[in-house]
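Before we start, here is the structure in question, set down as structure tokens.
We just call them A, B and C in the order they show up, numbering each chain from 1.
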């Protein structure tokens, strides 16, 4: 994992450097114009976040039921990565909304669901930090509950908003946009994977230090 | 299967016996719930009339806050004599113990709601008797979801540091769907023109939530409680 | 004789063995590489200063905790292999007495009797109260009891289901001489009945003559195991 880290970061950096050109070259979206281009960073952030959340949920289950210590490290690293990229999504979302529709927050289903999920991720981190020894198992339980919660939050937020008119959030994808979008998705995924790898390594080293500390 | 039901019933009866004797949790929870309602009422009543849908929101917030208090208190009691350990030491199915505790807390919170709903109806002129069966079912379905997740979280936190503050921190985000469904469903039933189909939709969602999360709780109770 | 089922369908085992057991809590090491075997018909005294790991060892033996490394075997089986039925053969009297203060003495015993799915729990509870000398206080809530009375009741609760493995964490705390003597007689009777008895204590005089072997814990390690020490206090002082 260590060997791949530097090339991964380097590649991601290059991809991010190239990205603005591609984004610039992509055609304007019909209704929103320039503002829509934030979407090229907004959507990939969500991709990484949801992948990370899924990883965390599965790793939590493996840790809890399979008593696998490594799975616990995977869950922790995945939750942190998800929280960071979720935050990027939650910042770019309102920025976009403000410019496109004049309000910072619209209570639309996706953004609301994302906010709730972000809260659950932060709760996970608080639990691990302040719960004392033994909170790893509890946190894995929370991760499972959090993951199971996602469809319900989305369903509820969606149902809630059908009463009010909602603007279309997902723009129509014109042909020229696809290339730039997938480029950015790849760049974000690479960055996410590199961050995940680094965090895993940190946690593994921390566990090793604890073990050495306790050695006879 | 029979042993499961016997143990769950035994644990529930024990909890209720203790509660009936001291009445501590039921009195304090009820009082707290009513205080909650008043505090929120002052924020949402203008010119003597409540804002639209305020009654529904206030009712569910009071249930959520009071419920969290009751959950914390119930498990604090078990912690004082470490009797939860004694329960886990028994040769029975651990999920049976969870079920017993869940049922006891449901009855407790149900009792609080029976008093709270008429009070809310009175203070906000909410038509609680317009569709009483639907309202009762909605409250029951929502309470089951909230208490199921709450019982699991409160039990698993019983030996943690900072457990008092961690319980709401963990519980509220995960039970947001219950709150949304509860509030919107109740609001639909409190409207001047009752929106039955909408209420039924919310009830369906709550029932689905209950099915999924009670199962999850039963499933994760044992691994999460063993150190 | 490792895993036979008696006519009540219970698990039996003759030995309790700790195999290189270690337990840590975060960065704190509670037990380190403890290897010990306890046999049926034996009383083992667990000695050591506060924080030596005695309570942790007993909790692990009771299946309330699993070791961080190493294994605990009941006969030839670990707790996981033996399943939930194993707990029906273990009785634990811990620091926290596991009694519900709001319930009466008889209600407490009956509750645990039913929890352990014992036949005729009421009669057993009444008999247990007689043995504890608390029959006259059966209908009183436990919060009215003194520490010594609660200790006696808790002991009966721990032994209600006739466990094979009896674990006692500082059982002599708060007992007067009379009750201490009764407890020692009780433990001797258990030993004769073929139980494995592990007692952790500070009260050296009380267990002198009772214990067959002494295991001394210090900083989570097993400092020594001595067979039938003649003068317990000197032994203890020497080893700790």
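Here, a residue touches a chain if its C-beta (ideal position, glycine included) is under 8 Å from a C-beta of that chain, and two chains touch if they have at least 3 such contacts.
Keep in mind it's a predicted model, so treat the numbers as computed, not measured.
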Just to be sure I understand: the centre of a chain is the mean of its C-alpha atoms, right? Then which chain's centre is nearest the mean of all of them?
B
Quick check: more C-beta contact pairs at B-C or at A-B?
A-B
Relative to subunit A, which chain's C-alpha centre is the most remote?
C
Inter-centroid spacing, subunit C versus subunit A (mean Cα positions, whole Å):
50
Whole-angstrom distance, CA centroid of subunit B to CA centroid of subunit C, is 38
The distance between the C-alpha centres of subunit A and subunit B, rounded to whole Å, is 31
Pull out every residue in subunit C that's touching 2 or more other chains.
none
For subunit A, jot down the residues that touch at least 2 other chains.
132, 134
Residues of subunit B that touch at least two other chains are 227
Quick check: in the complex, which residue numbers of subunit C touch subunit A?
24-29, 32-33
Quick check on the complex: what are the subunit B residues that touch subunit A?
149, 152-153, 156-157, 159-163, 166, 169-170, 172-174, 176-177, 180-181, 184, 201-202, 205, 208-209, 212-213, 216, 220, 223-224, 227
Which bits of subunit A are touching subunit B when the two form their complex?
64-65, 116, 119-120, 123, 126-127, 130-132, 134-135, 137-138, 140-142, 144-146, 148-149, 152-153, 155-157, 159-160
Partner subunit B, residues of subunit C touching it in the complex
62-66, 84-88, 90, 92, 94, 96-103, 107, 111-112, 114-117, 141
In the complex, the residues of subunit A that touch subunit C are 132-134, 210, 213-214, 216
